[in-house]
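After this come two complexes, each holding chain A, first together with chain B and then together with chain C.
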Partner chain A sequence: MRPSDPFFYLFALLALGLARACVCSQHLLRATLYLAGVLFCGAAFYVILDAEFLAGIQLLVYIGGISVLLIFAIMLTRGPDLLKDRPSPLRRNLALALSLSFMGLCSFLVLRTDWPAALPAEPHENPVRDMGVRLLNPGEGGLLLPFEVISVLLLCVAIAAIYLARPGSGEERPLS
Partner chain B sequence: MSFFPVGIQHWLLLCLALFSFGLYGLLTRRSAMGLLLAIEIMVNSAAVLVVALIHLLHPGKLDGQLSALFFIALAAAEVVLALGIYVPLARSRPSGDVTQLNDLRG
Partner chain C sequence: MKAAWITTALLALHSLSAARDWTQPTLAERAAEAAGRSPWESAFWIGLGLAGTLAAMTLLGLSLVYAERKIAARFQCRLGPTRVGWRGTLQTLADTFKLISKADLVPRDADRLLFFTAPWLVVSGMLLALVNIPASPLLFVVDLNIGLLFISAVGALSVLGILLGGWASNNKWSLLGSMRAGAQIISYELSLTLSLLVIVLFTGSLSLGEIVQSQQEGWWLWRGHLPAMVAFLVFVIASTAELNRTPFDLAEGESELTAGFHTEYSGLRFALFYLAEFLNMFIAAGLAATLFLGGWMPLHIAGLQTFNRVMDFIPPLVWFGLKTGGLIFVFMWLRWTFPRLRIDQLLKLEWRFLLPLSMVNLLVAALVLLLGVYGKGGPA
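Right after this comes the complex of A and B.
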């Protein structure tokens, strides 16, 4: 047993409980806060997996950026029906059956498969520097092209979001 | 499968359970924002799974962390674009109910 193992179970239980609360909560604002908790548990998982830099990124981008953005969007567009999101029993039972069967089938496969034993962790001397070198390396094993593609994608998304949300883009069209 | 030490199967089962919760939310929610929250749970569980598998099967390699970086960037782009569509839409249709969005003219 490694010292990180109890923390795995602690954060796993926390993440599962928060994820359940997030998808079942009728109040969207509360669901967003539960989502922030799930993302925090994700950052804890990254720390358990020796990926501290990724945990920092997760805290900054997901919890500091995306969760706050979602909360702002919910507060700005608060509609009468939007606050209470209650699925019909038929929809809920169908979704439960589908997600449980997905979980059951995949768990069956995971438990039946003969996985290789986990290798002992090797401490990495300077992972952030190596990741930066990999991201900007055009040669073998380098990820320059995906890095550039995702940069262009983020630029396109920023332009598209400004275009969609600019004043007058939604109201002038006739409502059908 | 024993509880200790935590191995590949434990991580796989945890991420599967998180993904299934996201799937359940994706199928039950009617509001666009609720769908987005469920998708975020699913993307996050997939990213944790990639990092865990590379960490346990190929220790010392950074491919899992680099993939997760791209996951996070893609998820951020997706949320920004989804909110860019959702916020003007919510002005004309305050309910935010995706089952009512059945035409392409806005």
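Right after this comes the complex of A and C.
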């Protein structure tokens, strides 16, 4: 047993509990908080696996981006009275059947797959630098093309946001 | 174990003296190194790190609130606190006890779970960022190789806390305040991160320890020339906005929203929000000092041997304190000088001015690095 094992089981239990709470909560905003908790546990798993960079990105993208976006969307679109969602029995049973069959499929695939043995842990001198070099490497094993495609996409989004905010785009109305 | 105590005592002494060797292991590294030998020593270093962070948090909270009140008073031709302790130094301590002993009010229709969670989210986001700040080669809890990324990532917890706290209070002022705070923090996060990236480009590292080490020959503010200076200005403006401080304090806007997202909070939970606000100011100032002003590195001027030798005698902790303190004073100065912006002015400033500026600035920095004009950590 490695020293990180207790932490793995702790976070695994926490993630399971939070995931259940997220799915079963009838309160949309609370469900978002539980979801953020599950995603936080995901970041903890990455840390246990020595993938700190991925953990940082998980926090930044999923908690800082997705969860906050969800909360904003809920706050902007629904009044507090509508937040309590009561599903009909049909919807409830359908959801149960769907999620059970998905779980069955997943377990089947996990059990069927012959997992390759874990790679020998080679301690990287500087994992972040290695990853950066690999991302910008056009040769074999390099990921330059997908990296550039995503970068250009993000740049387009940022420029589009500036374009929307520039004076004279559409009718000028106060944002408050 | 005995060795650990002796090293701690030496640490305390050493951090006050002038240390020439700037590559000391951080507390986390000491803990990891001791883990194989004796788990107790490892636990000791971890405990020391935790206790030190909590002590630093308390002391900084108390002194920053006092400083803000004194400086605000001077700006308004008042004296500020004078009665409790020497020149009112114990005023914040007294106020803390007052806050703790206050009745803990929860609005009847508040969402209790979210209402109770929100302040802790904000405080944990702040604490997770605080442990990364290198105050001196020896007072450095953990040096992550993703340091800067981690600090911007845990900021997300604070945003989550502010949004949920404002919503859970079930009060229209709180809701408006938290929406404004959320929109503001998310918008300014963009230019903040882009200005950080300029220094990451120059250093070639995300680790705060390495960023400080890279400034031995000169601070990035001077060595990086124009891109670094622009990035520094953008960083200061954007972090003022991230901190919800005047002139960007419309999230609190006491004349229109009572107190914004923490209107309904009282007692200890209010104190937590308040503490996080001040500590986040310290983190922003400490980060700016680390990235642009050389962190704990003394001021060196190339060619002036004697001057540099004299500067080396000033301990690193004092250097860090001076730089961070100066920046905190700038934040307070801004707060008590400028009037508050309107929300549309605030969003226009970010999207029409700061964001394009910092994108162009990053591009210029990348070109400068590529052409090899200056900077290190270029294409490997």
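General remarks:
FYI, the second predicted complex is superposed on the first by the 133 of 176 C-alpha atoms of A that agree within 3 Å, B and C clash if a C-alpha of one lies under 4 Å from a C-alpha of the other, contacts with A are read in each partner's own complex, and residues count from 1 in each chain.
Just so it is clear, contacts are C-beta pairs under 8 Å (C-beta built on N, C-alpha and C of every residue); 3 or more make two chains touch, one makes a residue touch a chain.
Predicted model only: the values in this text are computed from it and were never measured.
Looking at the shared chain after the overlay, A:Ile71 reaches chain C, while chain B stays out of its contact range.
With both structures placed on the common chain, the touch criterion links A:Ala165 to chain B and to chain C. Using the contact criterion defined above for the overlaid structures, shared-chain residue A:Leu14 touches neither chain B nor chain C, since it reaches no partner.
Of the two partner chains placed by superposition, only chain C is touched by A:Arg30; chain B is not. In the superposition on chain A, A:Pro3 makes contact with chain C only, while chain B stays out of contact range.
By the document's definition of touching, both partners, chain B and chain C, reach A:Ile57.
After overlaying the two complexes on the shared chain, residue contacts for A:Ile150 are found with chain B alone; chain C is out of touch.
After overlaying the two complexes on the shared chain, residue contacts for A:Pro127 are found with chain B and with chain C alike.
Of the two partner chains, neither chain B nor chain C is touched by A:Val47. Between chain B and chain C, more residues of chain A are touched by B. Once both structures are placed on chain A, chain A residues 53, 57, 65, 80, 127, 158, 161-162, 164-165, 175-176 are touched by chain B and, in the other complex, by chain C.
Note for the complex: chain A touches chain B at residues 1-2, 4-5, 8-9, 12, 15-16, 19-20, 22-24, 28, 31-32, 35, 38-39, 42, 45-46, 49-51, 53-54, 57-58, 61-62, 65-66, 69-70, 73-74, 76-77, 79-82, 85, 87, 91-92, 94-96, 98-100, 102-103, 106-107, 110-111, 115-122, 124, 127, 130-131, 134-135, 143, 146, 150, 153-154, 157-158, 160-165, 169-171, 173, 175-176.
Across the complex, chain A is touched by residues 35, 111, 113-114, 117, 144-146, 149-150, 152-157, 159-160, 163-164, 167, 170, 175, 179, 182, 186, 189-190, 204-206, 342-344, 347-348, 351-352, 355-356, 359, 380 of chain C. In the complex of the two chains, the chain A residues touching chain C come out as 3, 27, 29-30, 33, 36, 52-53, 55-57, 59-60, 63-65, 67-68, 71-72, 75, 80, 126-129, 133, 158, 161-162, 164-167, 174-176.
Against chain A, in their complex, chain B makes its touches with residues 1, 3-10, 12-14, 16-18, 20-25, 27-31, 33-34, 36-38, 40-41, 44-45, 47-48, 51-52, 55-60, 62, 64-66, 68-70, 72-77, 79-81, 83-92, 94-97, 103, 105-106.
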